[in-house]
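Okay, so subunit A shows up in both of these, paired with subunit B first and subunit C after.
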Partner chain A sequence: MIGIVIRRLIALVAIIIGVTMVTFLIARVIPGDPALLLAGPNATPDVVAKIHEQLGLDRPLHVQFASYLDGLIHGDFGVSIVTRRPVLEEITSLLPATLELMLTAMVLGLFGGVSLGVAAALYRNRWLDHVIRILSVTAISMPGFWIALVLLYLFYGVLGWAPGPGRFDPLLTPPPSVTGFLLVDSLLALDFRAFASAASHLALPAITLAVLSIGAGMRLVRGSMIEALSQDYIRTARAFGLPERKIILSYALKNALLPFITVFGLELASLIFGSVVIESIFSWPGLGSFVLSAIFALDFPVIMGFTVCASVVYVFANLLVDIVYLLLDPRVRGIG
Partner chain B sequence: MTRASAIDIQDLTVRFADDSGWRTAVRSLSLQVREGEVVGLIGESGSGKSVTSSSLLWLLPLGDRCRLTAERLDVLGLNVLDATEREMRNLRGAQAAMVFQEPMTALDPLRSIRRHMHDVLLAHKPQSSRDAYALSKQLLSEMGIEDPDRVLHCYPHQLSGGMRQRVLLAMAFSCNPRLIIADEPLTALDVTTQHQIVKLVRRKTQESGVAILFVSHDLSVVRSLCERVYVMYAGEVVETGPAHHVLTRPHHPYTQGLLASRPELFAPRTRLDTIAGQAPSGADAAEGCQFRDRCPHAFEKCSVRPPLQASAGDPERASACWLEGAI
Partner chain C sequence: MMQGSAKRRLMLVVGGALIGFWIVIALFAPLVAPCQPNDIDLDAYLAAPSAAHLLGTDEVGRDILSRVIFGARASLLTAFGVVAIGLVVGGVLGAFAGLIGGWVDLLAMRFVDLMLSMPSLVLALALTAALGPGIENAMLALGILSVPFYLRFVRSQTLLVREMEYVKWSEQAGASLWFRLRRHVAPNIAGPVVIIATLHCGAALLAGAALSFIGLGAQPPLAEWGALVSAGRHYILDQWWYSLFPGVAILSVSVGLNLLGDGLRDLLDPQGDAS
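Up next is the complex of A and B:
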């Protein structure tokens, strides 16, 4: 098993280098000159050429790539063209907000998808199943920004239950930063007003993101749960008088989760890129909105830095998924 | 004949719906197994043997597409027709255990043998996992498994079919049941393994006095293992009686056909007899004897369904044929 993990880790390095290369090439091939943007509309060609030289854009492509890779290895992601601050610094300062949102959405999506899927499978072809399935189709077919707007309109505009955009009540003092996650930091500081504020700000964007993965996850779990429940070993478990709860949660669900876990790792990609849009709508001060403005400004160091980070997160999350899979399924663990 | 009954079925009918309508899988079946008795239930695939055995522990997918009616359905004195879910759970596994046909799929691939066995033991009797482990080990050795410790730590995919069936038998015997329903437990196994399992089952029944309903289509195993036998055809019992008599001098033409279609090792080389035609699907609510179309002796009276009647010469035997005993 450790062998499998080590092999995966080696593959990871190759994947990350590949992603970096593709990102780098695309960034250079796309028409649009960041130097022109920086220099402004009235700049002379001399000034533009000087900026080119400063940014290293006048050197051959492979040299640029080599120096970029070299920088990455030493933790140097370049400097943002717009803010003039190191890209890595920008990313690490904004990452906790995004991770907090994504992890919350993931947990909601995981529990929502699994429990709705199980409920639908247990009440197959009855009204509860039909309601859940209609909801899931609706969730899948609605774009994220639309769900965000509807939720904002309903819970902020009409009902007034949710606070406005942002991550935290501006009138409160935020808890001292330990992990960067406001939920955790406020709990560590035993500041429950801050916790309530952070949680209520988090609710709508996290739900929006979660809805997207709940729809797909629920359908998958429903299908694999129905299949698992029809297996011979479920009949065996019933014939031996095991409690129904145990049969469902411990025999059927465990088997039904295998395909779900695999897909959940892949779902993460849509979560990462969904967060870019959702963060902008909710003015969430995270990586997503930062990257979106970088895209409009053709701020390539930032775009590339984000892409590399996202691919690292994605690839590691999928490694985690593989490990969970190995732990769950003795057949792929290579015993016997 | 004063032994209490382990299984008492009166007039059981089970019907399934598919897109073309209702099919009768089991038709007015009556069957008794007394405490400590080993009874065979034979018939070809689709004759309703498995449906009958599954209905005993209420394991059928009852609902819109599956209906069950019965005059009586008692298992170890419990009226299964009116039993609560809790009563059924106390019956299943603890008092009446079941072994299935397919050992390859009957165990959860993600659970070790140890956890399978612990689940059953702990479901019926609270005990420490140390005790459960010791008991599991002992049960496996009784099933002729030489290295129970290794097997307990295995997952199903690491064991052969024969080993898995031994594990399932160990699970079945684990709570000292008074009845075991064995639904074709040998079908998926090779002949030497079959032989070992039959010996095991015979020894265990003699030791523990457990009653067994042994569902099978292997006539020689049933003849050597069972005291009495029921022969099913198209969802009905066509013949019953002491296993040895029924399977050497059958009264019903269907049982005769079954016996004749077995190849014999030392018989002169002749063409192997088969029963012509196909078993009815149960879809058409055909009048008369279900075997009529395939029966070499069919005559006008066969358009009326023959009742299961005690044999004139032998009150222990009964068959459902108008020509009873005359052929």
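Up next is the complex of A and C:
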């Protein structure tokens, strides 16, 4: 077990270097000369040459890459061209807003996916199952940005239940920042009005992101739940007269959730991409909105920093998922 | 209770009909659409759906129905293009890796492992930004990033075919790599590859539309569904039809592709009914 984890950690280092290299190539090689972009269209050759020297662009590519990698290891992601602040500082200051959104969406997605998947499995081939399966195909097929607009129109425009875009009511005083998560911070400050405002602003973007993962989740849980329910140990448990609730929740569901865990790690990729798209619609002041504006400003240090960070988080999350899987399912331990 | 085969047929028919409908619309767009996609009617800007403009008009008075109909071309072409790039490049490389084996295979698989361990949509974002906004670049970026996915799938399928007796004999008899790929591998793996490609096409459609929505894909005045939804977002509270209808078009094609893909998979693998 420990051997597998150590081997995976070594592979992880290789993957992270690879990820950085791919990002570096994308951002430094493809757009042509970053110095020209920086200098603007009216710059003289002298200015461009000076920027070359400043950024180290006159050095060979592998030297540039080595120095970029060296910077990353020491927490130096470069400086944003637009805000002139260190990229890492920007990312860490905006991260809580995005994390709060993504974690809420994950919890909603997990809860929705599992409960609908279990319901569909228990009522297999009856009308409830058909309805849930149609919903699942629809959820998988829906463009996230479009769900966001439809929800915004319905719950903000027509019903007036949801507050407008943003993360917090501008007329209220935000709670003192402890964790950076407004939900947690407002509870810590015992400020329930602030909590209500944060929660209501969070609802629509989080639901939008959750819908995207619910479809795939419920499908998977339904499939593995049907399989689990047909196993001998379930029949035995029933024969022993155990209550059906216990059979479903602690026998079948526990086993059915195993494959779901692995998908969770993979879903993270679409959540990160989704947050870039969704945050801009709801004017959510997070990393996604920031990166999107960086993309249009051709702020490559930010784009690179974000891509590297997102990839590293993604790779780590999937390693974590694999370790959890190993802990939960002793059968795979020997395979490694 | 619906029988497995009836359900399968229903999925195939509905999925096929939706896709067929939009392909016909895209092909015959100039005949089907009431106006040209960029025709401007300044007397009717942001007009609600009416007899004159069935789906309403946009902020400069262009007919939204016509733009959705012409938008089918750009949106479908993008999705098909992404799949084609991934399938051709990844498929050929994967089949060669599988047939040749040895260090070629090893190298290819390490590359695939690396690429698949990254969040590909995030990379697509960076790659499209680097290539410059535009629908061709968005398609290229999504296509390139789907290569590893096809490479791995086609390679694993090729390995199964390679173990078949007649393919081994063919190799012994000195048949060239290209001949074996064309005559033995391709026909044998076509079924599963078509299913994977169909399902991927749905994802490619959504990803392409998302890139256009955030402004990295189709550029104005090109009619494309993601870009149309995006243009209408500023008017969503008052002119809801503007964003709604292009979104419904995306949804219908995407549902069609998913149903078709699932139906085909059930057809080829009837045991996997649980999914």
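The rule we apply is simple: the second predicted complex is superposed on the first by the 328 of 336 C-alpha atoms of A that agree within 3 Å, B and C clash if a C-alpha of one lies under 4 Å from a C-alpha of the other, contacts with A are read in each partner's own complex, and residues count from 1 in each chain.
Going forward, a residue touches a chain if its C-beta (ideal position, glycine included) is under 8 Å from a C-beta of that chain, and two chains touch if they have at least 3 such contacts.
For clarity, every value in this text was computed on a predicted model and none was experimentally measured.
Engineer: Mind checking the superposed model to see whether subunit B and subunit C fit together on subunit A or clash?
Structural biologist: Here the two partners, once superposed via subunit A, fit next to each other without clashing.
Engineer: Classify the contacts of A:K246 with the two partner chains as first (subunit B alone), second (subunit C alone), both, or neither.
Structural biologist: A:K246: touches subunit B, not subunit C.
Engineer: Examine A:R7 and indicate which partner it touches, taking first as subunit B and second as subunit C; both and neither are also allowed.
Structural biologist: neither
Engineer: Touch check for A:D329: first (subunit B), second (subunit C), both, or neither?
Structural biologist: first
Engineer: Have a look and say if subunit B or subunit C is in touch with more residues of subunit A.
Structural biologist: C
Engineer: Who does A:S280 touch here: subunit B (first), subunit C (second), both, or neither?
Structural biologist: After superposition on chain A, A:S280 lies in contact with subunit C alone.
Engineer: Once both structures sit on chain A, report the angle subunit B, subunit A, subunit C from C-alpha centres, rounded to the nearest 10 degrees.
Structural biologist: 80
Engineer: With the two complexes superposed on chain A, say which partner A:A310 touches: subunit B (first), subunit C (second), both, or neither.
Structural biologist: Once the two structures are laid over each other on A, A:A310 reaches subunit C alone.
Engineer: I'd like to know which partner A:I226 touches here: subunit B for first, subunit C for second, both or neither.
Structural biologist: Touch partner of A:I226: subunit C, not subunit B.
Engineer: So after superposition, what is the minimum Cα distance from subunit B to subunit C, given in Å?
Structural biologist: Scanning every C-alpha pair, the shortest subunit B to subunit C distance is 8 Å.
Engineer: Where on subunit A does subunit C make contact in their complex?
Structural biologist: Residues 14-15, 18-19, 22-23, 26-27, 30-31, 125-126, 130, 137-138, 140-146, 149-150, 152-153, 156-157, 219, 222-224, 226-227, 268-270, 272-273, 276-277, 280-281, 291-292, 295-296, 298, 300, 303-304, 306-307, 310-311, 314-315, 318.
Engineer: Contact residues on subunit C for subunit A in the complex?
Structural biologist: On the subunit C side, the touching residues are 1-2, 113-115, 117-123, 125-127, 129-132, 202, 206, 209-210, 213-216, 226, 229-230, 232-233, 236-237, 240, 243-244, 247, 250-251, 254-255, 257-259, 262, 274-275.
Engineer: Mind listing the subunit B positions that touch subunit A in their complex?
Structural biologist: 57, 59, 85, 88-94, 97-98, 100, 102, 105-112, 119-120, 123-124, 154-155, 157-158, 168, 171
Engineer: Can you name the residues of subunit A that touch subunit B in the complex?
Structural biologist: Those residues of subunit A that touch subunit B are 231-233, 235-244, 246, 251, 254-255, 328-331, 335-336.
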